[in-house]
Amino acid sequence: MLLRNVLRDVNVVLIVILAFTLALIPLTGDRFYIYITSLFMVYSLFALSYNLLFGYAGLLSFGHAMFFATGAYVTALFTLKVFRDPLVGLIIGVMSAIPLALIVGFLSLRHTRVYFAILTLAFGMLIYAVLVKWRSVTGGTDGLVGIPKRGVILDISSPQAYYYFILVFFIIAVLSLYIFIKSRWGLMIRALGANEDRLPFTGHSVLTIRLYTFTASGLIAALSGSLYSILMGVVTPDIAYWTFSAEPLVMTLLGGSTYYMGPVLGAFIFITLTTMLARFAEYWLLLLGLAIIAVVVGFRGGVSGVLVLAVERLMRSVEARGVWRSLGLKT
Amino acid sequence: MEILRVENLSRSFGGFKAVDNVSFSLKELEITALIGPNGAGKTTLVNLITKKLKPDSGRIIFQGMDVTGLSAHKIAKLGIVRTFQVLSLFPTLTVYENLKIPALTSRTPDEDIEKIMVDLGIERFKDAKVAKLPFGIQKLVELGIALALKPKLLILDEPAAGLAQEDRRNLTKILGDMGRRITLMVIEHDMEFVFGLAERVMVMDKGRIIASGRPEEIAKNKLVREIYLGEE
Amino acid sequence: MLKIRNLNAYYGNLQVLFNINLEVDRGDIVAVLGPNGAGKTTLLKAIINVEVTKYGEVEFEGTNITSLPTHKIAKLGVHYVPDYGGLLPGMTVLDNLRLAAGSKTPPINKLKDFYPEIANLLERRADALSGGERKIVSIVRSILTNPKLLLLDEPSEGMSPIMVDKTVKLLKRLNEEREFTILWVEPGAKLKKVIEVADKIIVLTAGRIVYVGEAERAKEEIDKIKEYVFVRG
């Protein structure tokens, strides 16, 4: 029953279209586009994981990079020092989010939202400090290099190969997260964001819901970090620094936190702006700042909010509604 | 059969004794009204029983079990459910979703959620976002959330506030029917509503219970008339 | 004093008030009755230009206030008391009252004159009051602002019966002594009490005015009024 509803959903259609479009990119043969689209997928997952916490549960975190960095470094260390394979390394990297989420979550989530935000900042920078200081293991500020793409089980050294590797995990993660949000656990998370105070009086523990939200969010963020380390072949501590935690927040605000795919759109805009304007390196920060101001002052729903408004207006015309219905989509 | 027993419950805020050594018990399936002047401590008493606030001292015994130390969500799970005077719904969610959340706790199946919505007359708003609904409907959703928890003891805090006369009569009927299966305690100021529904009335003033008995007795009680009822 | 002409009000795309024409004379108590969702609160909000999109004209003491920003309307002497009271939560009752009186310490004896109970509430924080207590304080607060026109949104809802009596008597007395003009919205449960003190009764159902009557006539037609109010639009 859930599956049937999901298949007729606009978001699923969007995901499928996106998947097909992304699948075609390697056919261009352009290494740069393959690379930049891979980065887009990584950042999208990072932003989506952030929005689960922020947009759905209403929990603002300034330390989300801790999951990204942990996934990245664990995958790197595992493939370099224990077992040389990207697939196994990825799985281990993703799993490392669980103990991290449970420990940090247990210590931070029982507090009110303001204190939680500060605690995440503190824990995030704690991880950064560990990565910088523990030179013998993490390589300190130089980081770790030579993360292999050619492994015992999987060889994804060619651009096409690593691209499709990332694409597969991207699609699985985006779909799974969506199904999760539509499930009863997703309902509880949305209830948390809607009226946390009422929740205990409906028989649910706020702490429990916060914990599994934090863990799910951490898992996806760690996945994005692990994919990043395999993509780049190099990891450095800056991916744990607090400013990196601000990036998924910016992407979410830009794209819109109210719609599921908003953060993906935000990641797209973010990457487009930063790479296109890399030539005008001095200016991209200025433009980014202007974009954020625009979002906060006028377009609270982000770009996806504006798009949805436009589509709704379009849908109000009778012909368009007919088209929508004939496609079997919910109006 | 006693369903709830409260012993020596007290709670202060700074120097102010909101609930002062209150003891009473509720009989199973009896409809009790809790009345009293504004600021008497009625809502605070309910907050203490449902653990929105922690008591300074005293015990709460539900169905023979000491629940004094339990947290709010555990109390709700056991079957002590309350509604709020100032509506506390999940505004961005639909009516169905608002009821589904407590239904997950009580493992109430979807057909029963449908039935609750039909009984309250709100099933046509099933997929509407609650924030956009008119006030009278929102009040019914508030009640629906409580019902979806399959309560054993339901405490209603001013359920009729803001409702027009016909809605009040409708509510009295709904609660009357409910009272046959669930033990009810109602805080209210509308005397017509109270006397039309309650089998027993408790009166609170300045943090204490000052009178308790059948509605007719209370209506004649001199002290109650003086501090609360006025001319009627 | 207040003239409303051809008022049509919307929340977003939803029309809530249809072609409202209404006059409130200086010194009158006008009661607006009606079932829930009829648009009573919307009417008050439309007058002070809050949250509502409106078309039509609102005139106060000869000034066109239709598009005036809310704070300017308040400066003209129109005071709105919302159903939740509108007190500043972090401050004490006394401070809330001081703000209303214009930073002069309000005469405490005078306050006791309105409601004796208020003496006990002065030091309490506004968010630590019970629902009914909040209502009482918000009414006192509105009196201290010395308004020309008082817009009361279900002021007695949630008050104990004895407090309802006191409130109705207090408002009637102030109306006589100080010529407060009052526009009073009620859901109908306290119909009789309100009709006794009102100079004019208006019944609103589903966004339209279905009955307007002067006091004496209204008292005779009370059953007809009840029918209008209690039948949902």
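Every chain is named by a letter (A, B and C) in the order it is written, and numbering of its residues begins at 1.
The definition used in the following text is that a contact is a pair of C-beta atoms (placed from the backbone, for glycine too) under 8 Å apart; a residue touches a chain by one contact, two chains touch by 3 or more.
It should be emphasised that the depicted structure is a prediction, and the values quoted were computed from it without experimental measurement.
Chemist: Name the most central chain, where centre means the mean of Cα atoms.
Modeler: Chain nearest the centroid of all protein C-alpha atoms: B.
Chemist: Which chain has its C-alpha centre farthest away from the C-alpha centre of chain B?
Modeler: A
Chemist: Compute the distance, rounded to whole Å, between the mean C-alpha positions of chain A and chain B.
Modeler: That gives a centre separation of 43 Å.
Chemist: With chain centres taken as the means of their Cα atoms, state the distance from chain B to chain C in Å.
Modeler: 29
Chemist: Provide the C-alpha centroid distance between chain A and chain C, rounded to the nearest whole angstrom.
Modeler: So the centre of chain A lies 51 Å away from the centre of chain C.
Chemist: Find every residue in chain A that makes contact with two or more other chains and list them.
Modeler: In chain A, no residue touches two or more other chains.
Chemist: Taking the touch rule as given, give the residues of chain C at its contact with chain B in the complex, in rising order.
Modeler: By the definition above, chain C touches chain B via 34-37, 83-84, 117, 121, 124, 128-133, 135-136, 154, 157-165, 187-189, 191, 226, 229-232.
Chemist: Which chain B residues qualify as touching chain C in the complex?
Modeler: 13, 16, 35-40, 42-44, 85-86, 134-136, 158, 160-168, 189-191, 227-232
Chemist: Using the touch definition from the top, list the residues of chain B that touch chain A in their complex.
Modeler: It comes out as residues 50-52, 71-73, 76-77, 81-82, 84, 88-93, 97, 100-102, 104-106, 145, 149.
Chemist: Could you please specify the touching residues of chain A with respect to chain B in the complex?
Modeler: Residue list for chain A touching chain B: 184, 187-188, 190-191, 193-195, 197-206.
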